[in-house]
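Shared between the two complexes below is chain A, which has chain B as its partner in the first and chain C in the second.
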Partner chain A sequence: MEEKKESKGLISWLEKRINLFELFSIISSFGLFYSELDSKKPLKEAIKEVLEKKVPPYARWPQILGIITILLFFFQVLTGILLAFYYVPSINESYERVKFIIRDTDFGWFIHQIHFWGSNFLIIILIIRVMRFFYHGVYKSPRELLWIFGIALLVLSVIQAFLGGILLMDENKFWSSIRSIEIIKNIPVLNWIYLFFLGGYDINQQTIIRAYFFHVTLLPILFLFFLYLNISGIRKLGLSEIPWETKKRKEIPFYPHHFFNLLILLFIIFGVLVTFAVLFPTPFYKPADPSFTPPGILPGWYFLPIYGFFELFFKIIPKLILGFICILIFSLILFLPFIDRKEVRTFKERILAIFIGVIFLILIGLFTFFGIHKEISLSITNIF
Partner chain B sequence: MHTFLLVSFFAIQNFCLLCHSDVRVLYNESIHSKEGIECVGCHGGNPFSDDISDAHRKNFKGKIKREEIPSLCSTCHSDPQKMKPYNLPSDQYHLYLNSPHGKLLQKGNKDVAVCTDCHSTHDILSSDNPKSPAYIKNVPQTCSNCHSDARLKNKYNFPSDPYKEYMESIHAKSLLMLGNLGSPECTGCHGAHGAAPPGLGDVNKVCGHCHSKTREYFLESAHRVSLEKSGFPECSHCHKNHIIEKADINMFDIVCKNCHSSDSPAFLAGQKLKTMFLQSQQEIDKAKVLIEKAEKIPIAVEDYKARLEEGNTYLIEAQPVMHTLSEEKVEDLTRKSRSIGEEIQLELYGKFAQLRVRKIGLIFFWFYLMLTVVLIYQYKRFLIKNKSGKNI
Partner chain C sequence: MTEKRRNFLEILAKGFISLWGVGIIWILFSYIKTPKRKFEENLIKIDDVSSIPITGSSIYHYKDKSIILIRKEEKEFLAFSAICTHLKCILNYQKEREVLVCPCHAGVFDMNGNVVSGPPPKSLQRYRVDIRGNRLYVYFD
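Moving on, here comes the complex of A and B:
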C-alpha cells in the first residue's frame, strides 16, 4: 500500500514541475489512443476518461493496416538506432562495418535482418493500405488528405529502402541501386530532386554521407510527421466505415478491449519479423566492384514496374516521354480524390473506377514481369 | 631561294629521302632513324648530294643482296663497343651463322630467313615495340611467314604446320589471350638468332627452362631412362610439341595407354596417382563451396581461406611431383591437401550446425510468443468479465 502511495506521489510531484500532460499527449498522438485527451482535467482523470471511451472495433482486418504501419516503423527506428551504433558512412569502411555488425557483434545479424524485413514489410503494408483506400473509397470527401498522406508514407518508405540499400555497399545492393538511379535519371522532376539532394548519379563518398544523413534523420522525421497527420486525421474524422456493411458494429471501450488487441498485434508482428529474419535471411554479398557488373542485377523490387515499363518501350518511345508518362500517372494517383469527386462509395456505383484500378494493377504486374525477364521485353521490342 | 630552303630543310637529314620518298615514311618510324643511323650506313653513297649520279657514287651498294644482309647487319651488331650503349648482345651474327638458317645461307640457299625477314627492312623497330614483327606476341606470326608457307612446305617437306598447332596450345592461349609475356613463343624453345630444333635428349632441358621443378622430378623417374633408350623425345612424348595442351589429370587415361596396356601394373600405378589427386581436389572443391556459402551468411572465413590456399598449393605442387611416378611423394602432398579440405569442411559444418540452433530456437520463440498472446488474451477477458460484473 505504501508503495502505491509513493508512485501516486511521484506522478503528482512530476506533474507540478513539468508539463506531463503535454508530454503524454505527444506520445498518444501517434495512435496510442483513439480519442483526444481533455487538457482541462488532471492527467489521471483525462487518461481514465480516454481509456473508458468507446471506440469502433479495430479488429476488422482492413482497418489495422495503419496501426501495423506504426508498429513496423517503431521496429525500424529501434533496429536502425542499434545498427547506427556500429555503422560508419564511408565508401571504404561501410562494407566492413556492415560485415562487422552482422558477423562479429552479438545478435547483429538479427537486428540487420529485422531491419531488412521490416523495411520490405513496411512498403508492402503501405501498398496494401493504399489499395484498400481505393477499394473502399476511403479517399472520398472528407478524407482526401488521408489518401495523400497514405501515398506520402508509401513514397517515403520506398525512398528509405532505396537509401538504406546504398549504405550497404555490397555487390548486389550497389548495382541494384545503380539500376534504380538509372530509372530516376529518366524521370523528369524526380531527377532534379535526386540531383539536388544526392549531388550526382554516381555512388561515391558524398552520396553515402548524404544518403546516411537523410536515412537516419530527415526522412524518419518526415515519416513521423505524416504518420501524425494521418492519425490526427483519423481521430478527427473517425474510422471510415466499410461502405457495403450496413449493420453497424457494437462499439467497445478502449481499455481493455482495444488496448490488449494492439498488444497482441505487436507481438504477432514481432513474431512474423523474427520468423522471416531467421528462415529467409538476406544473403551477404561480396564488396561492390564499380568496374564489374554482376549478371542478373535488378533494381529494388519496388522499382520493378517502372523498370519493366522502360525496358519495354525505351526503343520505341524516347525516354523523356516515358518519364513524363510516369510523372503523369503518379500525379493522377496522388490527386485522385480531387479527380474522382463523386461521393458514392459502394462497389456497384464505382464499377468504372474499380475497373480502372484492376487494369492498373494488371499493368503493374505485367511490367514487373517484363522488368524481371528483360530478355522477353527485349524480344518484344525487337518486333517493332 | 627555294633551293636554299629545301637544302636547309634536308641538311639535317639526308638527300637520299628526297627521291626515295616511299622509303622515307618507313625509315622515319624506325629505331635506326631515331638513333641517327642513316641510309649511308647500310647503302653507302653520298647523302649530301642532290645529284643522282653524285649521290650514287661513293661506295654505293644499292639494293643489298639477300645473302649479304646478315654480314652487313653484323658490321654494327657484332661490334660490342657499338652495341654496349643500347644494351644489345653482339653475338647474334655468330649464333645465326651456326643456326640451320645461317648454315643453309652459307651453302647458297636463298629461301632461309635473314635478318630483314624477321626485323623488316627500313622500318626496323625495337623488339620491345608491339608493332615490331620481332615483338614477343608477333613472333609466331613472323615465323609462320615461312614455316606455314605452302611453297616452302612442299619444297622442304615440313612435317606439320607448327603455327597452326602452336595457336591451339596452352602456351599461345596464355601469351596471346591472357597476355602472359612469360609464356613461350617459337623463340622461347628454339632460340632466336640461333634458332634450331632441340635434339632428342635435350627436350627436357628446353622445357626445364621454365618448368624447372617438373624437370627435376622427371629426371628422378623411371621414364627418363626408358625414353632415352627408346629414342623418344621426353616431355613431348606425352605433352606433344607445338600443340601442347593444358596438363590435365585425365591425361592418365589417354596418354599412358600409348605405351602401357590398361591392365599393366604401370598403367594401374598411374591410375592410383590420378585417384589420389582427384580425391584431394574433390575435398578442396567441397571446402571452397562451403566457404562461399559461409561468406554469404556471413561467417568469418579469412582463416579458412588461408588454409584453403595452403591446401591448393599442395595440390598444385602434386602435379609436377607426379612426374617422379613416386606414389609416396604424391601421396604425401595429396594427403596434406585432402586433410586440409576435410578439416575446413568439418569446422564449417560445425558452424552451420550452430546456425541451425537459430531455427530450432524459432520453435521455442513461437511457443513462448503464443503463450504470451494467450495470457494477454485471457487477462483481457478477465478484465472484461470483471468490468461487466461490476457494471451489473
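Moving on, here comes the complex of A and C:
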C-alpha cells in the first residue's frame, strides 16, 4: 500500500514537468489501456477512471490473438536487441559471431532459441488470426482494413523470419535460405521487389548487410506501424462480435480482472517459448560451404506450400504461369473484403465462403506434404 | 481465517512474480555484460627486441598460434600469423623482396598480409604490436 502512495506522488510530480498524457496515449495505442484518457482531469483521476472502466472480456477466446501478437512482438524486439549486442553482419564473421553468442556468452543460446521460436510462433499466431478473421467474417464492412492490416502483419513476419535465417550463415539455414530465394525467383513481381532490395539471388556480403539492416530497422518499424493501425482501428470500431453468439458476455473491470488475465497470458506465452527453446532447440550446424549442397534441405516452412506447388506442377505448366497463379491467389486473399461484399456474417449464410476456405486449407496442407516429401511429388510428376 | 489465507496467497503470488523477475533480469545482465578480455592469455610478451636485427624476423610459438615478427626499421614492427593459409606450413621472411614465402607450395604474401601469388586461399591474419621501450607486446584480439 505504501508503494502505491509513493508512485502516485511520483506521477503527480512528473505530471507538472512532462506531458504524461501523450505518453499514456501512446501506450493505449499499443493495446495496454482500453479507452482514452480524459485530458481535462488530473492524470491520477483519469487513470483511475480508465482502470475502473468495464471492458468486454478480451483475454478469452477467440479475441486473444491480437494481444498475443503484441506480446510476441515485444519478445522478438527484446531478444533481437540482445542478439544485436554481439552480432556482426559479415560474410566471413557472421558464423563465428553467432557461434560466440550460442556457445560463449551466458544464456546466449537461450536468447537465440527464444528469438527463433518467437518468430515461428508469431507467424503461426498471425496465420490463425487471419483464419479466424475469415471464419467469423471479421473482414466485412466496416472492418475491411483490419483484414488487410492482418495480412500485412503476416507478410512482414514471414519476411522477417526469412531475412533472419539469412543472417545465421550455418549450413542448414544458408541452404534453406537459398531454397527460399529460388522460390522467390520463380514468382513474378515478388522477384523484382527482391532484386530491388537485396540485389541478387545469391548470398554475399551485400545481401547480408542489407538483410541485417532491413531485419533490425525498417521492418520492425513497419510492423509496429501496422500494429498501431490495427489496434487503433479496433479501438475505433470496437471488438468484433462473434456473429452466432446471441448471449451477451459479462463485462469485467480493467483492473484487476483484465489486467491479471493479461499477466497470466504473458506468463503462459513466456512459458511456452521457454519450453520449446529448451526441449526443441533449433540446431546450429557447421559453417555453410557455398560449393557443396547438403542433401534434403527444405525452404523455410512458411514457403513449403509454394515449394510443393512448384515441385508438383513445374513439369507440366511453365514456371512463369505457376508464379502468376501464386500472385493471383495472394491478391485474391488480400482484397477479399472488396470481393466478398455481402454483409451477412452468420455461418448458415456463408456456407459457400467457408467451403472455399476449407478447400483452400486442404490444398495448402496437400502442397506442404508434397513439398516435404519430394520423392512422392517427383514420382507423381513422372507419370505425366 | 479467509483473510489470512488470501494474504498468504497474495504473498505467494507476488513472491513467484518477483522470482520470475529476478531470474529474467539475472539472465539479461549476465548476457549483456561485456565478456572479460583475458589479457594474460591473449598476448605474447617479448622482453628484449634488440635480439632481432633490423630487416630481420623471428618466429614465436604460443599455444596453437605461431607468429612471425618482422623488424622493418628501428621502431617499426609487423606481426603476422606465421601459418600459411593453404596447408599450414610455417612461413619464411625474404628481406630482399620484402615478402613472406611458404616453403611448401611457394605461396607468397606481401607486407599487408595479402596473397601475392601461389595457392593460399586467404590473406594472413595481422596482429597488433605495441612497443614499450625495449619490450614488445603482440596482441591477439
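Throughout what follows, the second predicted complex is superposed on the first by the 372 of 384 C-alpha atoms of A that agree within 3 Å, B and C clash if a C-alpha of one lies under 4 Å from a C-alpha of the other, contacts with A are read in each partner's own complex, and residues count from 1 in each chain.
Just so we're on the same page, contacts are C-beta pairs under 8 Å (C-beta built on N, C-alpha and C of every residue); 3 or more make two chains touch, one makes a residue touch a chain.
Please read all numbers here as calculations on a predicted model, not as lab measurements.
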Contacts of A:F85 with chain B and chain C, given as first, second, both or neither: second
First (chain B), second (chain C), both or neither touched by A:F267: both
First, second, both or neither for A:D104, with chain B first and chain C second: both
Partner chain in contact with A:F284 - chain B first, chain C second, else both or neither: first
Touched partner set for A:H257, first chain B, second chain C, both or neither: first
First (chain B), second (chain C), both or neither touched by A:T275: first
Interface residues of chain A shared between complexes with chain B and chain C: 104, 263, 267
Chain C - residues contacting chain A, complex: 17, 20, 27-28, 30-32, 35
Residues of chain B touching chain A in the complex: 295-300, 358-359, 361-362, 365-366, 369, 372-373, 376-377, 379-380, 383-384, 387
Residue ranges of chain A touching chain B (in the complex, touch as defined): 99, 102-104, 109, 253, 256-257, 260-261, 263-264, 267-268, 270-271, 274-275, 278-279, 281, 283-286
Footprint of chain C on chain A - complex, ascending: 82, 85, 104-108, 110-111, 263, 267
